[in-house]
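Take a look at the structure set out below.
As written, the chain order gives the labels A, B, C and D, with residue 1 at the start of each chain.
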């Protein structure tokens, strides 16, 4: 099936020269179905989509995998750790029993910790992306459509949020918030830390989407259908979310799909700096932070988590790119 | 095609995988002498306190000795020096009333530095002490050092602006922990604190309200360094101290580099411990332990006369240990820094629970979690082996079954507080897993590492267990056991007795031993250590840090000092 | 134009003011006691309390804030324990490191500049170059490789790339020293060899982003009518693409580059942590960890200044490049 | 009209085929088109989007990406075949011998450069020896000539400071900078208001008289063609379906597709009760062009399956001189169908 529109695929001097000529078979299809068809035809996107799905299933099924693998993420195998605190054997203690070897010092199994880390990472990234996108949409639409002082205020807030050094604030907010909600003897539950991280991402991350949506809304604001809705006395809410929003879903979906890998990286970075998830909760960033200093003596410890997170982010990025191409064929490809 | 780039990246990974996989990691024997026993004495013969210091075999004069360290030294003003790096750097540019002759293997002798002897206990009641200043000792400008300048140095340590240094002598003179309210230095710059007098230019006299037999020890700290009042620049002295030692600080780019050159007015014949072989000492700040170690492994031309202060990074221990050539350029000695799992006895009053905690901890796992046996040495006593009179014992040999039976079916729920620094988290996990095997229910509470330090020092802190370390200021049980376990000193905050143990019988023992002659005290402290562990079990001794430092191929004469457990430079030289 | 500039400056000042308030508030929310942290072995409650008074931490918050801000503009007396009068711009005296914060800056700012400036030159050159060439050679092997490169780069983590670079170049091939900072003026070669891995790692990640961006931007521009017009006038390819298309394609890249560089100057925390180099970023992080108010305030303000100034510079650049902005 | 019918055509296109390779297959954008055009004459090329009209003109300009485009046949300009010329050679012709005006003058002018700079640039590209002052004078003359008031002031303004009509005048001025013998105007009025449209068309006609150039006017609007063109070429699916003088095609169109185009012109004279009749269906895919006559799926008169769906109709001369049509319907039927069913809703000339 060759379903993509031929004309708009061209770029350079040809772009406008080649006529847009949809095939008869495509007539009457909704844009969503068209995009889906284009996505299906994009092999890279499909493969990365499957990899992505594989990772997601792996993360969701972590307890099941633990059952099958027979090792818990907290179990220590210190009898397999040498007195220099590195795992005994070759390449970080890789064996039939410990597929990715063991952590130095504590001797926990890296494979099962990565599986659980995947779960944490994906959950945080998806929630953060959802929240920031939602926040960005609302503020972007309001700002772009209403203009005037509201736009001025929101735009300034965006500038302000961008001027705050994120990591420093994250570093300060995490203990402040946890101290406010939990007593000194309470263990900070993992979900709470995760919640705070998502909140932090939302607090600082909505600006990108808001800017994008604002720009789109400004260009849509004067279009006929909006004028028509306005003329027919439609309420503000109706215009904003019934008229404008449906026309924005493509860029929003793309920015969402590319935000997820961004937050995977961001989560790992926060945890890398000790702000986010902390040991003993399995997490990519924590693992890489620890493994970095073993780069020389136990490179396997760095390589396994590093490669997994790389593949994960790559799969999401490739899929996001594919989605963008499918939704907006005029863009990069 | 897109996958080609990914393949290429994969190729690089495969390469490194291959590199990493080519060696098998095996157990190796570390040769740290963890069982060495310290011996010590106080020199009574003035000859022991005279120079020149005994020559070091193979040493030659000249060259530039470099020390690299991650962060700057917090204070250089001798009255404010209290960090290990400061304590071991100060001898380069300052001299004190007393100092230690140290073979680097735990055998120490306290001798006079500026003083002719390590003090005279005038009435044998430890209340009145006299020190006679040597002849021929001079400042960097050639002026003579007299008892006046030493007294002025001690006086200015009362200035609250100049905080940071040790407070023993001030508290003893003022007979009050809040010594600076008893005597205001700023208002009385021309006088001396109560109890401190200089009958003549050679004599310094201390008169205390209570006996303080440890004064000769306390006088070895840099706070007794002399300073002419005219040279007192207040807080600025931190950047440019006025030298009384063999070197003077000639260039100080704060936080980046310090350059010491010879003080021509220093006379080797007056100095019993400093050989002062190199012409220059340079301190460079910035690289972390890992970077330092890597540079020293490489042994590049500029690093051959260099020592990495922060030690062999734990991540590189395996690499260094596996290479005999590299091991030849390391120093590895147990240090007096002793780690323990403190039990807040206010919250865990049940002795059997505390004993069960002791049985449950498996030190071999702790050692691995703490970075291996070249980083730490297991410890079953409260006092580390470097303490004078140390005697090894293990009151509670690790045994999970014994721990369970001691608990007798109880499942105590305890909160362990740890700092958020990465090393602590591994230890916390290790402790939790060990204890839970024995039936405890452990909650780990992570708080910022720095606030953990002072929060646990508050009497009403809400936690049950915490990791604590203590390094005594001199190798006497007196500087450890009463400080950590005398319940009468417990205050609202700022406690060192973080177990908050208060036992009358033990307290009485402290008083008894403290009144003994320092030499007689040593075996008594060892006995008391065992008694505290058996009767009170206020903590679980875990391990003592091992100092494992590396230097370049042209470094000689450096040793790990027996008092603080850090590299000492008094005998350092650059191989020519 | 002037009005626009003044408006931007006013808004920037407002932003800075808000940032300073937030940073100040943040410190007092921190559940830690900087003063207790400062004392080593010999702290007792009375002494701690006296230090708090000395540092002005017992004053009303408003006074503390205005005092701090006053110090920046006219200087202020910090008391004898902190070196006396501190000339404007006084950033205060560090609680934990016993030196003026401005001295700390004088030490760590060159480090961050030394990381960011060469790295950004590298990443802009590499990224924009790659993107532009691959757009012009769309569909060729070069283009596909460039896409592969940019996707790989955009999916890599700095610490992972940094770690791998160190494994390869420092530990295995041993052709580079362990990353460190030396002053450019003292030893340019050592300066470069100590930082080159940081540059490469940053440039790899960022240039990937810029290659993607500039490729897309260039493709979009190449499809513009005015590029075709330029060709139709008989202009050579190099002139039509190199001038007409490039100038239009570069504007959005300038915007993003400005903000990225501004942000990076405010501290490259992860880069510094990965390579173990002490710059502005790690200083800020440590200051927060230790509750060192003057250093927190100063680092936050400095990095905000970088971002705000970058924003204004970008707007001005935009106006220079695009007459539609300039003339409206 | 001052043309000399006997003079040889300045532009001669023979069996032009333009193909693009894309990921989805080969696009046959132009498939065997031939026509000639003399100086001083205007050819209107008419068709829907995707009919190949723009591609034809871009082929004449040589503006396709050579890596992905295959052009066969011949494009002779003043006797010289452009097909197969290198980009360097082609570049010298562009803007000098052939110039082009685009549909949207706002996007066709570089937004960051002043109008004057863009004019001067085109001139100096082809007049290597010309000084800046000369080029500027030429630009001012041209701005003046296309009816832009205060050319001095306008010279240093940016495109966004001009109105739509003025911008298109700038574009025209730019195209005339080098006295081109052939001017291609690709939908020059589509983006403009109706009143401005007429002005621009008048201007083009004036200029043609003055400069005696050949003009190709590309449009989808037969009404525009009827105002200014001498000849009409109707394209569909990459092929020419009807070619003749304006009079021939407008008065006696013989291709059902042309009828459809005519029917979509609003007429002042037509029956207001009769709705405009857009052509049903969509333009064909240029990758899978329908078999036989490309128009047959949409043609109400198609004889299916034979021959319309099977054979490609040839562009054959009809009785009238020079008028050519590519349709399988017998000519009498075409004439009668047009006069009986279509003409009353079409345009009356």
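Assume a residue touches a chain if its C-beta (ideal position, glycine included) is under 8 Å from a C-beta of that chain, and two chains touch if they have at least 3 such contacts.
Quick caveat, the model's predicted, so the values are computed rather than measured.
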By C-alpha centres, the chain nearest the middle of everything shown is C
Quick note, more Cb pairs in contact for C-D or B-C? It is B-C
Per the C-alpha centroid definition, the whole-Å distance linking subunit C and subunit D comes out as 54
When centres are defined as mean Cα positions, the distance from subunit B to subunit C in whole Å is 39
The distance between the C-alpha centres of subunit A and subunit C, rounded to whole Å, is 23
Chain centres from averaged Cα atoms put subunit A and subunit D apart, in whole Å, by 49
Touching at least 2 other chains, the residues of subunit D are 63, 68
Residue numbers in subunit A touching two or more further chains are 12-13, 16, 175, 289, 295-296, 299, 314
Listed in rising order, subunit B residues that touch 2 or more other chains are 2, 6, 13, 16, 19, 290, 294, 448
Listed in rising order, subunit C residues that touch subunit A in their complex are 11, 14-16, 18-19, 22, 26-27, 29-32, 135, 138, 151-152, 154-160, 162-164, 166-167, 171, 212, 215-216, 219-220, 222-223, 225, 227-228, 231, 259, 263, 266-267, 269-270, 273-274, 281, 284-285, 288-289, 296, 299-300, 303-304, 307-308, 311
Note: in the complex, subunit B contacts subunit C through residues 1-6, 9, 12-13, 15-16, 19, 72, 74-75, 82-83, 160-164, 166-167, 177-178, 180-181, 234-236, 238, 254-256, 286-288, 290-291, 294-295, 298, 300, 448-451, 453-454, 457, 491-494, 496
So, in the complex, the side of subunit C touching subunit B is made of residues 31-33, 36-37, 39-48, 50-51, 54, 79-83, 97-99, 103-104, 107, 141, 144-145, 147-149, 151-152, 164, 167-168, 170-172, 174, 177-181, 276-278, 289-291
Given the complex, residues on subunit A that touch subunit C span 11-13, 15-16, 156, 159-160, 162-165, 167-169, 171-173, 175-176, 179, 261, 265, 268-269, 272-273, 288-289, 291-292, 295-296, 299, 302, 306, 309-310, 313-314, 316-318, 321, 330-332
Given the complex, residues on subunit B that touch subunit A span 2, 6, 13, 16-17, 19-21, 23-28, 30, 290, 294, 313-319, 321, 364-365, 367-375, 415, 420, 422, 425-426, 428-430, 432-433, 443-448, 455, 461-463
